């Protein structure tokens, strides 16, 4: 990874994303309602994956607890608008602030553990919140979950919530892109490359990791908020470790070592799984085998495969040009 | 008073089961630095194999359990050769996801073979002994005995035998071991096999006092994690102590603070890892 | 690095196109004309509760095959499309959306878990497609989450609690100090069932609830709870535990001698009776929503034989309920004269259907079918015909004694 070239190249990915976003917004009326809802889910998963990859691919932190912020974001909207009776704009602000604050607290505690144990603490938090959401069913609706968010009129139709989701996700992903391209992002990657050396160079590794965790947690909260808007529901399984694993799968399939990998990974994972579930009741088997194949033969995911093909083409071109 | 006494006894028998399940995971991580998320699946496999042997084939439970364990050992070895071998040295996430993929595959295969219906294995020792007014189920005493025997056996193997010495060497410095002429690759195969077999033993022993059904793989996984991790990955007596701690504490909280009961294990894990990230008896990552 | 961005663009574009293409699945012929009548079922077919969905689906397929062999409905064949939601509400929502939009189903049969059932009812309400639930019996479906388009062909959780309370009241008639203990999983349905049971049984005057245990959902070791139950010295233990957990709890409770000390009432459906055989201790009372072997009706017996011949096992409550629900649907379509969602919904709301569980009409205020609950002690020995324990005697608790009043059901809507 050449840091120098990346710093200069800020422009192209945001442009591509905005273009894709415009296309999606324009074609919405042409698409059937159920497809729109699936697209909406897939789009917010993109944000979930990219936010999580800020930790995984950019900083080298394997967090198995991102579902906490996702689920809390979703629950804040549902509880806020039904039980608490807040106006919609307040639930939105809360759905970003509360996961943000939680991530600050959880991050402060969890980052004291290194590497793999950090993953385990975050996993414990994920299961803890899952258990609590089922236990305090007066507040959260328990195992059945909470349904029926009071959406403002301009968001009620699936097409409207989809368009909002597209806009919000693209803005957030571009923001995350700028974070990764900034000096802060470069420092994160330095930490990922060699944590000890970064520390020796005088970088406050803990603080950088903590800030990254809060950023990731807040944006994941946004993804959860979009989920609640689209599905108009929140339920306990949004908080468990299996949901925490979803953005990790997406990052793996797409390629965690690049920024755009998780974007593609999210799309492939979501629509692939939906397709599998529709066509076979043995989706677990196929899905498991697929992950095995990717893990064993293409651990750098789609981005990695694309990158290695590109390199092979470049090498061949270079060899041809030699005098 | 009987409530407390029963609570203590059941806490110990729960601990016995937790120890069996957690010891395998801690062994594999301690020696190979690999996290086996498919641990619960091997546990489930042990239970299903016991069901097939005892209920379908009529083998008495006492004989069926070692056979089932042997079966899971073989499956674990196959998994190590076929999948795990290609993940060593790679990022933790890769290993984690590889074993998680196995969880899905094994779960679906179990569904295909045994279907969705739950199975029940006859408890060979259904009665209970009345000790000072407290009913102590006979089978649970056997479970405790087995756990103690296994724990001792593991300790003996790890400290007194050459295999144990190789295992400990492999976890500290595999390169040196290799240089000395030992096949680390073969060693990994054996270690993974034993760790998996321990999980299978947990499942086989559990089956007569529970139900064998889809979903028991996930149910036990978190418990296994907590015991192995909080005890200190790689430490067998750490696993034993934490298993005991959790078993007894769960009983106590039910009597004293029932609201805390469900969240107890996670709080223990969070608190321990925040203070001592490598577990109570583990060693800091090299 | 421009090349890398180009590959990014290409990949994202290709992925987007593939995604859209993958979503635009071909739909089957819809509701009118002479083509088949398409209906759908989204339910759990995998995971811990997959068995229930499968048993339910089996009965539906059996029934519709019969109907099709005899000429179909309104002269048209019935096509049943089934999808697995793995008990995940988001998947259930998407599946039902797809069934409605792509396959253009005119009716839907409901799922296993409450969360997915509530999610599906929202979608059905939005698209105005009738849903018949035959497994999920969460009280919310007919009260706070009620929709005109959703029909409950299964006794709800309130009815079950009251039926067991009624049984305890009548079987202990004349006594006053009966000690009752309960154990139910620690979630809203567990707590509500125990509350309603306690209220009803204490109102009957035969005794009171002396201890309530709430083990965490998914517990595999109930020893501590069982020890606590024993300590409260109950005469009756009401265990609101089902499925695999009940197998586990039974064996553990037996090893502690609980079954010798108290009368245990727990929902041992056919499935569990068969799985556990004589491992179920003597002196157990069970309650069930539709036990085929306890209903003295030639149609039920015939259905059971056909089911057994085709699937190699006997039908469970879920099979019987699914069958009955399907019968209601067919009769509704025939009464409506057309296979459109609105007409079917109208007909379902008004007809009295002849089903394998009696002549049933969905109650107008909450679309709840007044189905009975079956409670009674099990035989000590295995029944020679079936190879599992059956009811020694059955108390049929009719719905009029257990259903909520219409005011209670409408409150909170």
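Here are some notes:
Letters A, B and C name the chains as they come in the text, with residue numbers starting at 1 for each one.
Just so we're on the same page, contacts are C-beta pairs under 8 Å (C-beta built on N, C-alpha and C of every residue); 3 or more make two chains touch, one makes a residue touch a chain.
Predicted model, so just to flag it, every value in this text is computed and none were measured.
Across the structure, the highest number of inter-chain C-beta contacts is found for A-C.
Centroid distances built from C-alpha atoms place C farthest away from chain A. Separation between the centroids of chain B and chain C, computed from CA atoms only, is 35 Å.
Rounded to whole angstrom, the centroid-to-centroid distance between chain A and chain B, based on C-alpha atoms, equals 33 Å.
Each of the following residues of chain B touches two or more other chains: 108, 111, 262.
Multi-chain contact residues, meaning those touching two or more other chains, occur in chain C at positions 46, 186, 216-217.
The set of chain A residues that touch two or more partner chains comprises 131, 134-135, 284.
The residues of chain B lying in touch with chain A in their complex are 35, 83, 86-87, 90-94, 96-98, 100-105, 107-109, 111-112, 222, 225-226, 229, 259, 262-263, 266-267, 269-270, 273-274, 277-278, 285. Chain A contributes residues 2, 5-6, 9, 12-13, 16-17, 20, 23-24, 27, 31-35, 37-39, 41-42, 131, 134-135, 137, 141-145, 147-148, 231-233, 235, 237, 258, 260, 263-264, 267-268, 271, 274-275, 277-278, 281, 283-284, 302-303, 306-307, 310, 314 to its touches with chain C in the complex. On the chain C side of its complex with chain A, the touching residues are 1-5, 7-9, 11-13, 15-16, 18-20, 22-25, 45-46, 83-86, 88-91, 93-95, 97-98, 100-102, 114-115, 118-119, 122, 138, 140, 145, 186-189, 191, 216-217. Interface of chain A with chain B (complex): residues 56, 62, 109-110, 112-121, 123-125, 127-128, 131-132, 134-135, 241, 245, 248-249, 252, 256, 282, 284-285, 287-292, 295-296, 299.
Within the complex formed with chain C, the chain B residues making contact are 2-3, 6-7, 10-11, 13-14, 17, 108, 111, 115-120, 122-123, 126-128, 135, 137-140, 206, 208-211, 213-216, 219-220, 250-251, 254-255, 258, 261-262.
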